[in-house]
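If you scroll down you'll find the structure; I have some questions about it.
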Amino acid sequence: LRQGYPEVIYCAGKTPNQVAEIVKAMCARGSNVIGTRANNEMYAHVKNICKEAVYHEDCKMITVKNQPIDMTQSYIVIATGGTSDIPVAEEAAITAEMLGNKVERVYDVGVAGIHRLFHKLEIITGAKVVVAVAGMEGALASILGGLVSKPVLAVPTSVGYGASFGGLAALLSMLNSCASGTAVLNIDNGFGAGYMASMINKL
Amino acid sequence: LRQGYPEVIYCAGKTPNQVAEIVKAMCARGSNVIGTRANNEMYAHVKNICKEAVYHEDCKMITVKNQPIDMTQSYIVIATGGTSDIPVAEEAAITAEMLGNKVERVYDVGVAGIHRLFHKLEIITGAKVVVAVAGMEGALASILGGLVSKPVLAVPTSVGYGASFGGLAALLSMLNSCASGTAVLNIDNGFGAGYMASMINKL
Amino acid sequence: LRQGYPEVIYCAGKTPNQVAEIVKAMCARGSNVIGTRANNEMYAHVKNICKEAVYHEDCKMITVKNQPIDMTQSYIVIATGGTSDIPVAEEAAITAEMLGNKVERVYDVGVAGIHRLFHKLEIITGAKVVVAVAGMEGALASILGGLVSKPVLAVPTSVGYGASFGGLAALLSMLNSCASGTAVLNIDNGFGAGYMASMINKL
Amino acid sequence: LRQGYPEVIYCAGKTPNQVAEIVKAMCARGSNVIGTRANNEMYAHVKNICKEAVYHEDCKMITVKNQPIDMTQSYIVIATGGTSDIPVAEEAAITAEMLGNKVERVYDVGVAGIHRLFHKLEIITGAKVVVAVAGMEGALASILGGLVSKPVLAVPTSVGYGASFGGLAALLSMLNSCASGTAVLNIDNGFGAGYMASMINKL
Amino acid sequence: LRQGYPEVIYCAGKTPNQVAEIVKAMCARGSNVIGTRANNEMYAHVKNICKEAVYHEDCKMITVKNQPIDMTQSYIVIATGGTSDIPVAEEAAITAEMLGNKVERVYDVGVAGIHRLFHKLEIITGAKVVVAVAGMEGALASILGGLVSKPVLAVPTSVGYGASFGGLAALLSMLNSCASGTAVLNIDNGFGAGYMASMINKL
Amino acid sequence: LRQGYPEVIYCAGKTPNQVAEIVKAMCARGSNVIGTRANNEMYAHVKNICKEAVYHEDCKMITVKNQPIDMTQSYIVIATGGTSDIPVAEEAAITAEMLGNKVERVYDVGVAGIHRLFHKLEIITGAKVVVAVAGMEGALASILGGLVSKPVLAVPTSVGYGASFGGLAALLSMLNSCASGTAVLNIDNGFGAGYMASMINKL
Amino acid sequence: LRQGYPEVIYCAGKTPNQVAEIVKAMCARGSNVIGTRANNEMYAHVKNICKEAVYHEDCKMITVKNQPIDMTQSYIVIATGGTSDIPVAEEAAITAEMLGNKVERVYDVGVAGIHRLFHKLEIITGAKVVVAVAGMEGALASILGGLVSKPVLAVPTSVGYGASFGGLAALLSMLNSCASGTAVLNIDNGFGAGYMASMINKL
Amino acid sequence: LRQGYPEVIYCAGKTPNQVAEIVKAMCARGSNVIGTRANNEMYAHVKNICKEAVYHEDCKMITVKNQPIDMTQSYIVIATGGTSDIPVAEEAAITAEMLGNKVERVYDVGVAGIHRLFHKLEIITGAKVVVAVAGMEGALASILGGLVSKPVLAVPTSVGYGASFGGLAALLSMLNSCASGTAVLNIDNGFGAGYMASMINKL
């Protein structure tokens, strides 16, 4: 394990006590910690045994920095189609930052407000890897894939209703993207996108 | 029935003889005729009894003009994402033209070549109604919906493979479009799009 | 932006505070406001900062009229199959009215009470565009499509149980309508139907 | 076994020889015979060993009448939405007739030509049981269910394309019918409908 | 309307007040009343305005008998696979009884306890029509269809978990039954089964 | 590798030459050989290089016995619902026999002819493990599971049409079996069932 | 019924009173008892009438041992991919133990920590039958199937999110396992796996 | 366009003439050419106008090298689960090589022969990026993701039958991989995987 490299807990389905015990053990080892899918009650238990723990309410993550983190110079762009996709994007962003990556957030630039995307073109094309987070029809991934020549990691979200079928519409849309250079993560899997973007950004 | 207004045959599942008999009866009434989903053999039978019949090979349509058609001044834009979507688009275009509408074709302007779309913006925004024909991820409908303030009729196509599931991916994508002013036709239903676009263009 | 043209907020997934802040900014600009998928708590926050705000409980919409609205003479018919489809229909109706359209409501005229439909035929055929809202088997859209020669916008609803699969049965039914001149919106998307009907009604 | 009651063979997946052998044995017992899903080659083999065998090309049935059949006075109405649904309807009709039922065919009366349905109302409402055969959106079953107060057996067909998904759209539509008094058969199962209609007609 | 024939309310999605108002109007007309999918709160409101109203807790039905009901001599068998299917079976049974049919309940006779089915064979084969209610794999319908020569109405239930997918497994199983003489209702649609069984029982 | 234990080739997707080469190498090692999903052309190539190769046309298997096979005393029952399921059953039977198991075939005993099942009860209950092969609604697995107290391996087949969806109906039915002691193989996977039955029979 | 062999209750969908009554009757017969899918309230009612009842909170089972249980010498391995799969695994383990089987638990050995699997190889390969419990992508079943030559019973779990679709991903994965000797249970059906593993272990 | 960088044609759905014309234009520009999904007839037409064109029969690709290609030192590993997955893997490999990447092929190392995987561990872990191509249950992607710390691009294939549903099982399995650092391409999309792997390998 490299210095400062965090250990990860998937908190969903664990009891608050179990989460706190795992954090405790990791802190005892001096590790940095990432906890995903954590609720307020889990955080309360963690906070009791570790004062430095931070809770990111929007993306339901707990992080602990027990060691300094070296940051990359190259950066990852994390973009969203709408504001409702931000929690998933933040899961990706916090994960990538805890793994030592510089992150640029470019939020709410989907087809409903596509002019905002064009204002951000410079920062987007300067990235080493792009994460596109979008629900409903998920067109953002295709649009970004068509505009940039860097790898695009597409994250469908469960945002939407009716025939979005819990993210299935965005998922299929992204898998069928006509723009080359795109690969797809599971629905709402911001963590996985941040993790893989970090792998690529550090090559 | 208005003068020049065509009668329509859905040829799929009929025998060549049945198709030719129906065309014969329609011509006897002096009607214009549209036949969709017609194969070469059907056309051969029709040609035998009606020399004026025309076969549109790419979209598998038979048309007969027994009467002059008044054309609209306002026009319908019919756009496609790729070249493989053209047969469905032509079904829409020929249908709309036989119904007396001026049509502008704007083909192959999807996300894989989105710069071509921007070169055609003027003609697109000048339309009274826009038909967006696209397979795979179907993002074209969302992009057009975001750019124009006229009704967009979205036609998913069965073009694609794997997780396109015969057009399902494009269909779901279009139903979930974040851009307001879009409604969706059945997969590959160029005829229905041309028909409804004509209704709207003539209001 | 035309005079009196409203700005729209999709409230689902926003906090009551966020909704109220957005309304505040819109009112400061003197805009009319449409908020969809808003709950009581959101309305309470909005009411605090804007006394003129109205809450439409059945369709969960907030509207604010800061400017007079010019109404069309031609009208939109909004029809439902049953009484349980009314919330979705009202979302369409209020949207269309806020956009300046005259609306005629023709509710509860589905196959279970199809005689009621025939009593309303005159008003239905007088419309410039028809919105058909129906759950379960969604046959209303096909029946209206067969009876009128104006564009029909079909809105499947999630009303039903069992093999309605959250509106999927009505959605597929409407996409496959044998009656020409029908296009389909997302399940429960009353807003989109009202918006597109307005576009067509104003052509 | 009642006098004249036929024996039934499901020919699909059997070799022509197997089919002919089974027919031979049944004829030896003096039974009437119904064979469904039989192709031309199967018929040729059967014809060789049984001169009285009749082939119904449109619905791919073989029938043999070795004994006279007593016919009911009450009758079954078999209706279709379009012309492409006729093969399935004929499978139901021939089955019911071989089982000794009087059958009235009311074909091509779906929403695309709903006025034809109203011309046939008297004959439809006079039936003891109604079979509604329709593909695409399957609305015919709901319309008939709403109009008559007799049991309706709904048979979805695989007629259609795109989002008809091989008959799934019609199937779901029929299962969700708002009109009481309807039950549903498998996609394209004309035989099953004719069989059950006969059971009901003979009560 | 025949004497004693009930009026029906589908209570789901209505407010307790709406339900009570409808019941009030029906009682004013002297009708018998069937309300399906009614909860305790609805019943409380109904009870306030109509003392004779009865609540059937297991199947969530409200019934009011304002007029005597003539009962049939022939009877309907209503069978279930397990005990968890009883609420749906009772919806069918109460509906059929309110419509004037004699009903025999044969519960908990599915494949897990198939010997119990054989003990009840006499009563089952004596019925004029059989309703088979089953969840999970829904084999009961096929077994009954194989044993009796009367019409079988199959009702899949949402009982089960995992790959039962809310009743889909039982639904598909029943649609594919190899035993002739079976037709299928929507998942959990006891009301529809009782209604159609009554139609058939009274022929 | 135990003496006489066969090597297995999945021939689908291989060229006839590739199949023949693999068989050649296996024979050179003195192994017995099982080839599944082999067509006539593959067999012709294999026959050329190995005179002892046998082709089982119904289940499309090639077998070569280069060594004697020790047979078990306990036996496996392989049952089918209909005659169309026999090819899959034979794939299981030949596989199990090549692996040294005594096999009892009990074919065509599904719900359409359930009396035939009861005539075979003694042989069925004497088995050490039962393989139930059935398409359409797949009820055979549940019925056998309810009757015997030995492990039942259920193999859904793609036999059927319409809502059988290529075997999905039988698959879901079998996964939801109410009878304990059943586990399920992939659709049409006779090989896998024969292989696992052999494992269990030899314990 | 063999001495000590338990009776089983599926508690889901029963009232606490019904569960307690059934347990009471079983205890009166001196039987051992297994109750699955039982909640705390059910247990409280059972405890009142039977002091020996034990509640297994993680897998929501109630057990009562009224008679001694003979244990096997051969054992069943029950393995899980992650910690969240343990409740389903425990349902299998407790079931198997109550049926008199020795069980070895090998938990949290999926692909995310595959080295842990290799540390347990000896105990795994010593089993007479293996139960593989896994959610998400369900790869554990394939890996175990590839490593051991004993029957593998694969239990998909509903653990996961997004495109796991409630266990569908794991279910399909397991049904398609390339490794021979695997059969599949319903999603989350730990009981069924424990029951069938016991059948096999006792052969 | 960088020197030597190829132009790409998706040949499916184009006529042989169209393909040849496009190749001709590209060669006139001196470009290297990649054509995917090309059949023999297309190649014959291309060969006529361009003698240097090469046809890769297994993966149905046409390539033309009009310019020298600079190759990377770092390499891409392309692995398959079985031999039937090789065509998709070759599409990825040829694409990556035409884009100037060193490629190491590691074929037929899935769970059915997992020992072969362990023999290749050194070459696999030495890669800069790994492409995992697998059908049926797609477990290879998870296993590689668990073993290597480099980005894994997972390509599900349509290899399999029954419940593989044309690659859906492998697709869902890969999207749900428990191993971090994996992203997924469309079913059978070898081209997309080779393209994206090249992007990553050249960072």
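Just so it is clear, A, B, C, D, E, F, G and H label the chains in written order, and each chain counts residues from 1 on its own.
The definition used in the following text is that a contact is a pair of C-beta atoms (placed from the backbone, for glycine too) under 8 Å apart; a residue touches a chain by one contact, two chains touch by 3 or more.
All values reported here derive from a predicted model rather than from experimental measurement.
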Which neighbours do chain C and chain F have in common? D, E
Among all the other chains, which ones are in touch with both chain B and chain F? D, H
Pick same or different for copies chain A and chain H, depending on whether their interface residues overlap by over half. same
So which chain is the furthest away from chain B, centre to centre on CA atoms? G
Interchain centroid distance [CA atoms averaged], chain E/chain H, Å: 57
Chain-centre distance (mean CA atoms) for chain C and chain G, in whole Å, is 50
Between chain C and chain E, what is the separation of their C-alpha centroids in Å? 35
Chain G residues counted as touching two or more neighbouring chains: 162-164, 168, 171, 175-176, 180, 186-187
Can you name every pair of chains that touch? A-B, A-C, A-G, A-H, B-C, B-D, B-H, C-D, C-E, D-E, D-F, E-F, E-G, F-G, F-H, G-H
Complex contacts: residues of chain F adjacent to chain G: 8, 128, 149-151, 153, 171, 175-176, 180-187, 191-193, 195-196, 199-200, 203
Quick one: which bits of chain A touch chain C in the complex? Just the residue numbers, please. 83-84, 159, 161-164
Contact residues on chain H for chain B in the complex? 12-14, 156, 158, 166-168, 171, 186-189
Chain A partner, complex, touching residues on chain B are 81-82, 110-114, 136-139, 142-143, 145-147, 160, 162-165, 168-170, 172-179
